[in-house]
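Chain IDs A, B, C and D follow the sequence of writing; residue 1 opens each chain.
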Amino acid sequence: MAILVDNDTRLVVQGITGREGKFHTGRMVESGTNVVAGVTPGKGGQEYEGVPVFNTMEEAVEETGANASVVFVPAAFSADAIFEALDFGMSTVCCITEGVPVHDMMRVANYWRIRHATLIGPNCPGVISPGKANVSIMPADIFTPGNVGVVSRSGTLTYQIVNELTQRDIGQSTAVGIGGDPIIGTDFIEILKQFEADPETECVVMIGEIGGNAEQNAAEYVQSEMTKPVVAYIAGFTAPEGKTMGHAGAIVSGGESTAEAKSEALQRAGIRAATNPSEVAELVAEALGTSS
Amino acid sequence: MDLYEYQGKELLRQFGIETLEGVVAASPEEAKKAAEQLGGGTVAVKAQVLTGGRGKAGGIKVVKEPAEAEEAAREILGMDIRGHEVRQVLIEAGAEIASEMYLSILVDRTEKKPLILFSTEGGVDIEEVSERNPEAIVRIYIDPLVGLLPYQVRELTFDAGLEGDVAKGVGKVLGNLYKAFTESDASLVEINPLVATEDGRVLALDSKVTVDNSSLFRHSDIADLHDEEAADPEEQRAQEAGLQYVKLDGDVGILGNGAGLVMSTLDVVAQAGGEPANFCDVGGGANADEISEALDIVTANKQVKSVLFNIFGGITRGDEVARGLLSALERSEISLPIVVRLDGTNAEEGREILAENTPENVYTEETMLDAAKKAVELAQDGGR
Amino acid sequence: MDLYEYQGKELLRQFGIETLEGVVAASPEEAKKAAEQLGGGTVAVKAQVLTGGRGKAGGIKVVKEPAEAEEAAREILGMDIRGHEVRQVLIEAGAEIASEMYLSILVDRTEKKPLILFSTEGGVDIEEVSERNPEAIVRIYIDPLVGLLPYQVRELTFDAGLEGDVAKGVGKVLGNLYKAFTESDASLVEINPLVATEDGRVLALDSKVTVDNSSLFRHSDIADLHDEEAADPEEQRAQEAGLQYVKLDGDVGILGNGAGLVMSTLDVVAQAGGEPANFCDVGGGANADEISEALDIVTANKQVKSVLFNIFGGITRGDEVARGLLSALERSEISLPIVVRLDGTNAEEGREILAENTPENVYTEETMLDAAKKAVELAQDGGR
Amino acid sequence: MAILVDNDTRLVVQGITGREGKFHTGRMVESGTNVVAGVTPGKGGQEYEGVPVFNTMEEAVEETGANASVVFVPAAFSADAIFEALDFGMSTVCCITEGVPVHDMMRVANYWRIRHATLIGPNCPGVISPGKANVSIMPADIFTPGNVGVVSRSGTLTYQIVNELTQRDIGQSTAVGIGGDPIIGTDFIEILKQFEADPETECVVMIGEIGGNAEQNAAEYVQSEMTKPVVAYIAGFTAPEGKTMGHAGAIVSGGESTAEAKSEALQRAGIRAATNPSEVAELVAEALGTSS
């Protein structure tokens, strides 16, 4: 198994003919993902990397039986693309695009169909189940199949930590970048829930940062509902108040949104917390009982 | 993007919310003229800054006549309030205030819905009210697909114990404020205090409006309000270059790729006993132009004594990153010590390339921790 | 409430949908003047009636000059089209038509959503197209809380095989039509044909708009368009009295309480070999005023030869109903035979009261079937 | 058992202080319904028939644990009242009010919370489970407890048919008037589904009329999913095209909406169809094997 994407994933790339869409479609195909279709309005009938392009999701789904999508369309049109993906039954939708308006995302997040699908992002690196499917812009070669689930609000920080896991021969079941925006589809908790239920996953790494209180909610969930060990890392202890630190959602704007508050919540919940990224792999090895 | 009080009020008025009459002034003379224009009686002279706490800092003065307004403006203009220079004041007419309330709408990240906060305890910090007397705050979530429903307006006024004209007035303001919030793509609209006057009107005495930056493409009128002069010059330059840059107080300049990695780098520098001078995310690529521009911006800050460049090679491989960095260094004339830490795909090859070709002021390290320690050490040694 | 073509087009124009230039005329002279006003060239003279099929009935004529328009108007005005008298014609300018399409938005009862129907086969009956070639119709459901999404507009144009200016033009019309549909509380907006002109414009050549009666309280402008003259005088009077009344062709006048029961009563009368003269629901109560007004309206129809009054006593008990009916009968001077069937709570008591006090022309029956038979028999005997 | 309302129903009357609200609250209380609260904005603190009145549903639910509501508020405000009822967790909402705008109802019907509740109406007589709860404006005394479920688009026609059932000593489990508007909350199918699942119900009476195609959909459902006998009656064979016959939704506007089309669909599905209201009770007796 794995969560969200795997060998059964039949992926459609929304915005396949754009620069980013093209580039990452190539990479996703290369890393073994079953990319069955692309959608770009007006480009129907073309082909890219052997992938047929359609004008609409309706057509793409009808013709190819796609069940998941990744969104590369420009920010102004991303919400529309997500609605389209949800309306045509995608069970997983990954929105990579950065800069999607917050109000657009609130509308998407409150649409009834979202309750029957998992929306990852926006402003996220995507999802990868090493060796099975790569629905992401992440560098697939630093990943290796295994039993650690990773869920993160950050991209490169995830790569950093995954790379160290892989170097220690600790593989990953699935890595999920949930995105750095204030309003994202799926929060930590939903992913933790799926990892808890996934027989392949034995330990979970959670990478948080300043802004919001998703880490606190996740900590409560871990304490009350999870049996699998969780290792966490929080970034942004030195972030000043009121400044956006790269991610639109990474901003200290009150008590709960600070790294200290999140860190304290993790500790209260008895979660192993690393003080720097490299410590994460050590703590995971410990938790798995494989530390040398 | 934050709006000044006077800009926020202009927006509120566009959506039918009443405010006091006011005029913006950039000099004591203008302030005097404004006070005369408002009838020559009592006015408030209010510092226009994109930060809170101006009241406590002496940025608001109530005066009785135009000459006093001029004097007050002279004192307030040029003030530094939490790092923000006061360059304008709002001269505002007085009003007979019967009660002060608090009303805001913000984006609730957990519920993914607009959240309305209301309290009859206005004019004070709402976080304080929230801690001291959480019951005094009415909270109502709005489904963005349904919008604000009449029953929710009633719920707010009943729960807050409002009655008569004030209940009606607050209900009307709320309807208009929700419209302003959604139609302006705001992430926050706050009126504190929202006041009821002796003659039964309900009006906004202050305004705090933050508009979602990602939405500015469809709000050119609001985007035009962006105040370039108020921004730090390096932040302004970084923004133009498409870099994510935040200036801080320390002496270790920091660059890296990816927001999370850079935030983490700042933390690790602090743990090593240093003080980060900035946050700077150069993005995913290894484009020499971008790296060189980022290095220039980071080192333009005269406090910087050493630079830490923390790169994780992902899709862009370590060797390419190394070459991009070298090419950027060749072009710039930075003499400050630069610690490069390169990890990820092809990191070893990248480090080798750097080792063979770098100028004297560039040091390479294998781990973030070692790199941070080195950069802190170099900064403490005095840098340039 | 149905709008005339010219009213519907006025509404469409308010929402940015292009139509041909047109002028309404109520006399041949006005028609001539209108044709002159439109440039004196080819115009269409179109009967304005609240029913379909005017084309086949000869209600539309295309003429080449004002004098012919006058002549055509003379023929069309006063025409009876499916029971509707033509009292106005729309004189409309000509256009070079490249293609005819069909576009409508209606309320889909099963999905409980607006449903868009589009076809490149326009200008003909859409039900016909639907039977002959269902593939030729594109159907798109809209979530009323989300509204029409850009992808749905694209889907429609792609599915229909539209390209270039026509695709763009249809997309724009669709956006505006959805706005017209929701903001006017319409239950149907139909443009058939929607035409593309030789010079690439897309415009509405006809319009059919039905506005939800229940929403008229918030659309006084539309409510004001209600055409009292077009309604049957009895239907008009019933509406003013708050009664549900529909005139039919038969000779058995029917009254009852509750829409379902009255519909059923009509059916039972038909089964008994009679022909109902009307549908009339007097509502739940047993108010003598209402009953008497309803009786007056039903018997004002000169075709009526007998009356069947079918009452089920529910909350209002049978005895009260009987007393209300008697009091109503006392006031009126109806000599037609009236069959009363009273069932439900206290029906027996009610029937006894009636039996003791009714005038000669009133008959009581215990069951709907018997009552229907009796009323049909009396009508066949000639009634009055 | 029974469906929708029973002895566990804790009813709140929305619009309790209006003329209709007051009158029917009295009758519902009289017929044994557990009316726990009323809501009229601005009338909080009053009492009617021993029922406390609150300003908001929030307060009413908090104070009384209400789980169902009946709506008597004027048509212009009915949708708002339904949203309020749904937002505060009512599992059954009965909207009696006639003349609610169709677009308001479309919005309500597509709200995600509606999927967790049963909305009956608008423009309906309500629901009664004889001897248990009366959430309706129906004359309770013509009903008697038993094993026939009744679902109908019409009021008085239902009374007529129920009265004949009762006169034959055939009792009812629950009678549901789903309403005569074009857009209603719950259609025949959802109610049939509940009757099929209700152990107390042994036979179902379905009363339809012209307009829409709900009867056809129901017929299909009966044929493919139901084991219990269904007796049907359709009104409106003599209705002319394009005329609203009393109920806003009772209008012939095309092939499917005629009584003939509905009747044919019933026959195709093998459903016992009565040709007049009185025949219904006969057919029910037959179906139950109790015909004399």
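Brief remarks follow.
Going forward, a contact is a pair of C-beta atoms (placed from the backbone, for glycine too) under 8 Å apart; a residue touches a chain by one contact, two chains touch by 3 or more.
Since the structure is predicted, the reported quantities are computational estimates derived from the model, not experimental observations.
Comparing chain pairs A-B and A-C, the larger number of C-beta contacts belongs to A-B. The chain with its CA mean position farthest from that of subunit D is B. Spacing of subunit A relative to subunit B, judged by their CA centroids, is 27 angstrom. Note: centroid distance subunit A to subunit C, computed from Cα atoms, is 55 Å. Subunit A and subunit D have CA centres that are 46 Å apart. Our note on geometry: subunit B versus subunit C, Cα centroid distance of 59 Å, whole angstroms.
Those residues of subunit B in touch with two or more other chains are numbered 143, 145-146. Within subunit D, contacts with two or more other chains are made by residues 107, 110-111.
Interchain contacts join each chain to each other chain, per the touch definition above. Looking at the complex, you find that subunit B touches subunit A at residues 51, 107, 109-110, 112-114, 127, 143-145, 182, 185, 187, 212-215, 217-218, 244, 246, 248, 256-264, 266-271, 276, 279, 281, 312-315, 343-345, 367-369. By the touch criterion given at the top, residues 110, 112, 115 of subunit D touch subunit A in their complex.
Those residues of subunit C that touch subunit A in the complex are listed here as 143, 146, 149-151, 154-155, 158-159. Here subunit B touches subunit C in the complex through residues 145-146, going by the rule given at the top. Across the complex, subunit B is touched by residues 27, 75-76, 99-103, 105-107, 109-111, 137-139, 141-142, 152-160, 163, 180, 182-183, 187, 207, 209-214, 217, 233, 235-240, 242-250, 254-255, 259, 275-278 of subunit A.
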